[in-house]
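In what follows, structures are represented as structure tokens.
Shared between the two complexes below is subunit A, which has subunit B as its partner in the first and subunit C in the second.
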Partner chain A sequence: MSAIDTSSVFVRAEMAEARAAPISTTGLVGWVRTRLFGSVFDGLLTLLGMAIAASVIWSIFDFAVVRAVWTGEDGGVCRTPTAGACWPYVTAYWKQFLFGRYPAEERWRAILVFAVFFGLLAPLALPKIPFKRLNALLFFVGMPIFAYVMLCGGWFGLEPVETTMWGGLLVTLVVAVTGIVCSLPLGILLALGRRSKMPIVRTLSVVFIEFWRGVPMITVLFMAANMLPLFMPDNVDVDKLLRALIGVTIFTAAYLAETVRGGLQAIPKGQYEGAMALGLGYWQTMGLIIMPQALKLVIPGIVNSFISLFKDTTLVLIVSIFDLLGMIQSSRSDPVWAAPSTGTTGYLVAAATFWIFCFGMSRYSMWLERRLATGHKR
Partner chain B sequence: MAVGDEKRVGHLADSPPGVVWYNDPKWRSLIFQALTLLAVVALAWSVVHNTAVNLERRHIAQGFDFLSTTAGFDINQTPIAYPKDASYGRAILVGVVNTVIVAVLGVIVATILGFLIGIGRLSHNAVVSAISTAYVETLRNIPVLLQIFFWYFAVLGLAPHPRNSMQPIPGWVFVNNRGIYLPEFRFGGHSGLGLLVGLIVALVAIWLIDRWARRRQRETGLQFPLGRTALGLIVALPFLGFALGGFDLTLIPAKKSTFNLTGGIELIPSLIALTLALSTYTASFIAEVVRAGILAVAHGQTEAARSLGLTNGQTLRLVVVPQAMRVIVPPLTNQYLNLTKNSSLAVAIGYPDLVSTGGIVLNQSGQAIEVIAIWMAIYLGTSVLTSLVMNAYNRRMAIVER
Partner chain C sequence: MTPADATTLAPTTSAADAGLAVEMLGVNKWYGDFHVLKDVDLRVKKGEKIVICGPSGSGKSTMIRCINRLEEHQAGRIVVDGIELTEDLKRIDEVRRDVGMVFQHFNLFPHLTILENCTLAPIWVKKMPKKDAEEVAMQFLKRVRIPEQARKYPGQLSGGQQQRVAIARSLCMNPKIMLFDEPTSALDPEMVKEVLDTMVELANEGMTMLCVTHEMGFARQVADRVIFMDAGQIIEMNEPNAFFADPKHERTKLFLSQILH
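Moving on to the complex of A and B:
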């Protein structure tokens, strides 16, 4: 073996001149460069956006914390021109925000109902907790009966409480939960009716669904409040809250019917054919094969309907039922507390409450969607 | 009825041998439908009967005669003439026009805002997408009625008294707790007419040029700069008409009188609050619709367009937007309908829309059934009309599949 003759080949003897390092696109600096200041326009946009965000966050913080009035006996302390949020007003009224005019010595009943509601909801909503079927039965059947008995009273020596005394978050939750629990079965029936091959059933379902979907909820509530008493035989007196509940239920059922129909349409035809080949009848096919699959598909849609229903419960204040927003609306003009910032403080509290509920539900729905995605998508 | 039962019915004229008639799906279907119809008719009859009896007992008049009765209440925004002796029918008509005003304003603002935020959420710029996300997640999770109250009572309610009006453009624009006062545009001579004619001619011309350009592109592949031409025409032609008509325009600002400002264009606080709340709320939903629409265009489409040598703008204009719009338009129309229906919340802050004025008529005349029927007919009519138009649009835009 001889040494390689280097005279006839080129071998680089010294390193090539290093190129400048490429602009970093990783790490914090890279992130700032690409995601914040990619170009001149981008940079301007970033600065403008930061300015807007800072001013919004600061004005909320300034109002709720810096300029806020923390203690006081009445609205006088909040009537200074620079006063921000009037927190003593909330301290004085928070029980009304929760329970309305529900008698003070009976409030434990409402608290108990809240506790049972959340106590049953949590294990139902979380996975991997056993006894789902029993839990669901208790939640959808047991809980409404329990809530009705506890809240209305009149049984077991409980003092009767008129629904006109109910209010605040209690009414918001009662309307929302009754709405969803009653409208879901109705919505499923309507969806099945709309997919039916029987022309009369189908036509009736379509007309019902499209009618209620076509009108604003406020007119439905007006209708329930003003026309329902006229529809009933003379000796039947329908409670005001119950009228609103009926209106809300019918309205929501129409929307849920469309959600469920979406799920039904997504089930491949082979599932129906398979069920028929096994000799199952219509209700068996639906109950055992189609619905379990269809409802699983539309759970996010149902949660979304529930979110809109939850927000729409505020509309009952227009037919003078005092939900959370209604309580704030009626208490902010209370002469004891009336001040320029009282209303804004109340709205801030209501907005935060509704936001927590709705945002929580929407996150839950998204999480559920991911969890239930069992890879059936092709 | 199950899908399959019906199929069997289609094939067999009579019950299969050995099946009793009440087990025959055909008969079952007929009987079930007859029972349903019977139940619905019975329910309807009982409702009508009860209502008739109740109305009789309470001495409530029936029929639509009350519409010609004198209304006798004031309306604080009357875009069409509403004299002192106007009828209930006229009052409701004013309400309809007011609903249209707030719906149109709301739709315009919500669309612009919604598209900006929807595109913003997809932006590469971290700050822009974070702000857009925060906007959507905050606004759509707070009830719209609360937002209306916030704007009306907490923002506009704190505006100064008319005597100390704020003047963003001193002497021309006034803001106080009675509303916002803009100067009135007054056209002299024929200049207003000229402007209008110019606008109409421009629109017709654009429509014709669009048709011609499309045909030419189909036949020859040559493109025509439609956007720039349209912009030019829509600015130039009305201006030409305005100039030919006499070039005469005066701006008349509101004047201070003893208690309030008079003249000018007055925007009442409830209109501003309602428009702001409805449009910002609906914008958060439109933003999601727009985002979903853009994401629905497969990435391969953009890549294919770029490899064909289209520029960024052309890719967007010719490939991405047309496909995204196919996904965006149906839910967008739904949002417009929702906004229109939500405008009925005007009743909570006293903006004289259809439901507000109708509510006063309802209370004064006591004829709940008729008033609610009018409400529902108008809203339902709008919805049905919109869905018919939408279905036609969808048929035209649908992808032609094999």
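Moving on to the complex of A and C:
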């Protein structure tokens, strides 16, 4: 048998080395070429987009900085037709924006609660810092008690402060944080209940979830504030803020339950079987194997609900609880500061504050997702 | 465990069960209207190695999954290491603690490291101190020859390595019986051998094993008996040489001619 003729085909004698990609597809040049000026039409769109962005940014900058009024004793300085943002109004009112009608001499208590809250949250959120278990215990158990005692008063010689006096960012944060911290566990339990094999548990979960998802948040708050007292015995008086808190928590929990259930459905059956075959019980399987994976999958959905909740706290205004937006809303009608730009300035402050918190949550969740992504890492 | 221990642990043990690891008597199971297991009888002695083969859908996986109650049987008796499987959750837990299982798709926990995968059950089920559990785990990871991967995540390992971790994870619970459900079917051809080698070693150490597999070389090498299942029944059972050389049943002959090319 003769040898195969290899002269007409190419057979490698040595293995080829990996070579760098062409410069036009990588680096800054490649980025600009492929993403901004890929074709003539792309280039035109890029220029158009830049022009729109520039004009929007300029008009905000013009209003907030160039034409802005920086100092003044009252709204008079802001009443000129060309005046931009009325910053003296914010300077005069910022304490109300933060604390509402919380008595001035007791504000240090709210400041202390803010400080302790962020002081405990930061080390909890950053992975490098040790003592996570103690930290979590302090944050989830110690913090609520501390905040309750400090803000409500009545103990240790602290002047009692009615919740009707609370307001501003303080109320926004109290509602949002309580809502977030309480709704997640409740949502997880509801999701598990809905997938339970026990018919009664399942039915109750389904009814609960579908009921609360089916009514608008405003209705929930309205019912909680105005209707609930009608059904309650005369001597039982539940605090209005507490009622709003419960409403917000239950409402969000119903949404979260469905988000979490989506995550549970994405976990392969093999994970349950692997855990069962090792002898793990139901709660161990859920807590150690299923939930860590399911929750990781639905971080975007959960954070979506949290951001939603954070912004929905502004709805407590309709039951006469004055959150940050409510305070700004009511302060702009103060005749001392009445000016064409007062309202816009206040809303700018509200928008910026809400945006900072929501954007912070969003970025943290993205970072958390990347950090927890062990499943597909090679 | 001595037979005396078995009696104290499980009231259902009879003297006749002594020395039996698994006993199935008239086991029947249905998926809705579909009759998956039909009057299955099987006795497995302690230390025995059984290979189960058969066409897909013949009920072989279902049968071994009944042994650790991943599937429930509707009629008949299953006694595992002297404990009869019933609705009683405590007994199911006891059986699962004694029976290890290795799956086709490994079923490692992707959010935990290799070491954590191995120590999870000892720590939470056996309440072993973390340090001891880690020591035991490292010992078994050494035995399956991947101690250096302990800190990695399952997704960073090859299929063969993952399956060896799955074996080590089961062994960490110190099981008396090991079930293998097509452990090499999902592997790249290059990785089948390393897993089979591990299983052969385990067999040589005297572990009671029930393997659903089509690796006939493995069956010849370690099996005490080969079982052939079709349509939910055990239709042939023999020691490997006789099973391969002289299959009795037409269906077995056809099956063997299809897989031994």
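Heads up, the rule we're going with is that the second predicted complex is superposed on the first by the 306 of 378 C-alpha atoms of A that agree within 3 Å, B and C clash if a C-alpha of one lies under 4 Å from a C-alpha of the other, contacts with A are read in each partner's own complex, and residues count from 1 in each chain.
One rule holds for everything that comes next: a residue touches a chain if its C-beta (ideal position, glycine included) is under 8 Å from a C-beta of that chain, and two chains touch if they have at least 3 such contacts.
Note that this is a predicted model, so its numbers are computed, not measured.
Peer 1: Regarding the shared-chain residue A:215, is it in contact with subunit B (first), subunit C (second), both, or neither?
Peer 2: The first partner, subunit B, only.
Peer 1: With both complexes overlaid on chain A, does A:245 touch subunit B (first), subunit C (second), both or neither?
Peer 2: After superposing on A, A:245 lies clear of both subunit B and subunit C.
Peer 1: Let me test your reading of the model: by the given contact rule, A:296 touches which partner, first (subunit B), second (subunit C), both or neither?
Peer 2: The answer is second: A:296 touches subunit C but not subunit B.
Peer 1: A:224 contacts which: subunit B (first), subunit C (second), both, neither?
Peer 2: A:224: touches no partner chain.
Peer 1: Looking at the overlay, does A:46 come into contact with subunit B only (first), subunit C only (second), both, or neither?
Peer 2: The first partner, subunit B, only.
Peer 1: Check whether A:276 is in contact with subunit B, with subunit C, with both or with neither, and answer first, second, both or neither.
Peer 2: The answer is both, since A:276 touches subunit B and subunit C.
Peer 1: Touching A:319 in the superposition: subunit B (first), subunit C (second), both, neither?
Peer 2: Neither subunit B nor subunit C is touched by A:319.
Peer 1: Hey, is it subunit B or subunit C that touches more of subunit A?
Peer 2: Counting contacted residues of subunit A, the larger count belongs to B.
Peer 1: Now for A:83: first (subunit B), second (subunit C), both, or neither, which partner does it touch?
Peer 2: Neither: A:83 stays clear of subunit B and subunit C.
Peer 1: If I apply the document's touch criterion, which positions on subunit A are contacted by subunit B in one structure and by subunit C in the other?
Peer 2: Common interface on subunit A, subunit B vs subunit C: 273, 276, 281.
Peer 1: Spell out the part of subunit B that touches subunit A in their complex, as residue ranges.
Peer 2: Touching subunit A from subunit B are residues 1-6, 29, 32-33, 36-37, 40, 47, 50-51, 53-55, 57, 124-128, 130-131, 134, 137-138, 140-146, 149-150, 153-154, 157-158, 341-342, 344-345, 347-348, 355, 359, 362, 368-369, 372, 375-376, 379-380, 382-384.
Peer 1: Contact residues on subunit A for subunit B in the complex?
Peer 2: 31, 34-36, 38, 42, 45-46, 49-50, 52-53, 196-201, 204, 210-211, 213-219, 222-223, 226-227, 229-234, 269, 272-273, 276, 281-282, 285, 307, 311-315, 317-318, 325, 329, 332, 340, 343-344, 347, 350-351, 354-355, 358-359, 362
Peer 1: Which of the residues in subunit C end up touching subunit A in this complex?
Peer 2: 68, 70, 93, 96-97, 99-101, 103, 105-111, 120-121, 124-125, 153, 155-156, 169-170, 173
Peer 1: Where on subunit A is subunit C touching in the complex?
Peer 2: Spelled out, the residues of subunit A in touch with subunit C are 268, 270-271, 273-281, 284, 288-289, 292-293, 296, 372, 374-378.
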